[in-house]
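Chains here go by letter, A, B, C, D and E, matching the order in which they are written, and residues are numbered from 1 within each.
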Amino acid sequence: MLICEVIGHVWATKKQPELEGMKLMVVRETQTNEKNNKTFVAADTVGAGVGEQVLVVDGSTARRALGADDLPVDCAIVGIIDTLEVEREKKSK
Amino acid sequence: MLICEVIGHVWATKKQPELEGMKLMVVRETQTNEKNNKTFVAADTVGAGVGEQVLVVDGSTARRALGADDLPVDCAIVGIIDTLEVEREKKSK
Amino acid sequence: MLICEVIGHVWATKKQPELEGMKLMVVRETQTNEKNNKTFVAADTVGAGVGEQVLVVDGSTARRALGADDLPVDCAIVGIIDTLEVEREKKSK
Amino acid sequence: MLICEVIGHVWATKKQPELEGMKLMVVRETQTNEKNNKTFVAADTVGAGVGEQVLVVDGSTARRALGADDLPVDCAIVGIIDTLEVEREKKSK
Amino acid sequence: MLICEVIGHVWATKKQPELEGMKLMVVRETQTNEKNNKTFVAADTVGAGVGEQVLVVDGSTARRALGADDLPVDCAIVGIIDTLEVEREKKSK
């Protein structure tokens, strides 16, 4: 899973019907070095808000997280990080 | 999902028969930093046009978006972005 | 799908039996910026030749393109590009 | 499989119920050059501890490693490395 | 498929039981530019040795190459390259 920060929302009127009602959030990878940090969109499944650090899954696993294999979604937020404890660079939210 | 801009079209006469009739568009990632921005081809499912910001899924999820698991397509446009609201760097289309 | 140029061939005598008879071509991504261009091997399904621009799918989609889910192949050429029309940087083959 | 070092733990109270009880560890790729080293979270399946070098699988394979295809997890630790013997740059843990 | 060089071996005593008996080799991508070359571990299926150039598949395709969909392995060597013929930069092993 990727360690990301929720940094915003995205709205789309014209979209696949299965996306109707999903909370689509803009997330940015935070633990890899600055130059490679990816920003992308993930469907929220745990009530995450902007500014929170979250765990994100992608690919076919995102469809598992959303509970239906035929969904056109490939990234999902599956947890809100309380504490991230990393050797030599201890970090607490 | 990746946040991309539609930047063009691609035509191929010799191709797998399942690609016949698909609208294949050239898209470029826009939210990640410049150096890593990928340009690739996605099948359109929502009537997107050049210049629009779109949501793109890839891998096995693209086949779900296109509604058939045996298609030789691994990228699909699944939504047209109206508004992208990002903390500290608010953006509106 | 990735936009690649066919740049060569690869021969392997010792290989999985399912690869027997496949035309394995060396391809290089051409549309992303120079530094990230990947070079890899894809199985040809459309009669592509060296020097041509092609559409390449990867992962489980490559097995769909080759028509059998149990093949040990994860990249396939699915179309030969006639014209690539990109905004602000029009390109024609 | 990726060669990673376990560098920490992550705790999440709000999460998908299937993640309950899993040991989620922060890992960092160690063999690729410094600039591209990714840091991410993997579920432990072999009793790995901080400071150990481990083998990590991702994508649908992580769900195989965890023994259930419907889990919302896309990275798993599947082995603890005793010795890594690499030509021209012999390394022993 | 990726074009890699076999550069070493990896040993792990504590590992998932399905990995027992597999020959796990350290491989490095060789055709992409130096900066992005990845080093990782792949299960050998064709009797490859250190110093040889090989074709590597990843993701769900690696499980196909190993002949069982429930294996916790996501990279496999599927061929040993005899000759790699690339335009403008002819290479022979």
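The rule we apply is simple: contacts are C-beta pairs under 8 Å (C-beta built on N, C-alpha and C of every residue); 3 or more make two chains touch, one makes a residue touch a chain.
A quick note: this is a predicted structure, and the numbers were derived from the prediction, not measured.
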Set of chains whose contacts include both chain D and chain A: none
Separation of chain D from chain B in steps, with touching chains one step apart: 2
Fitting chain D to chain E on CA atoms, where both chains share a sequence, rotation angle to nearest 5 degrees: 70
Computed distance of Cα centres, chain D from chain C, in Å: 31
Centre-of-Cα separation between chain C and chain B, whole angstrom: 19
Residues of chain D engaged with two or more neighbouring chains: 35-36, 59-60
Ring order of chains, beginning at chain A and proceeding to chain D: A, D, E, C, B
Chain D contact footprint on chain A (complex, rising order): 1-3, 31-33, 35-36, 45-47, 55, 57-61, 64-65, 76, 78-88
Residue numbers on chain C that touch chain E, as the complex places them: 7-16, 19, 24, 26, 35-42, 50-51, 59-60, 62-63, 69-75
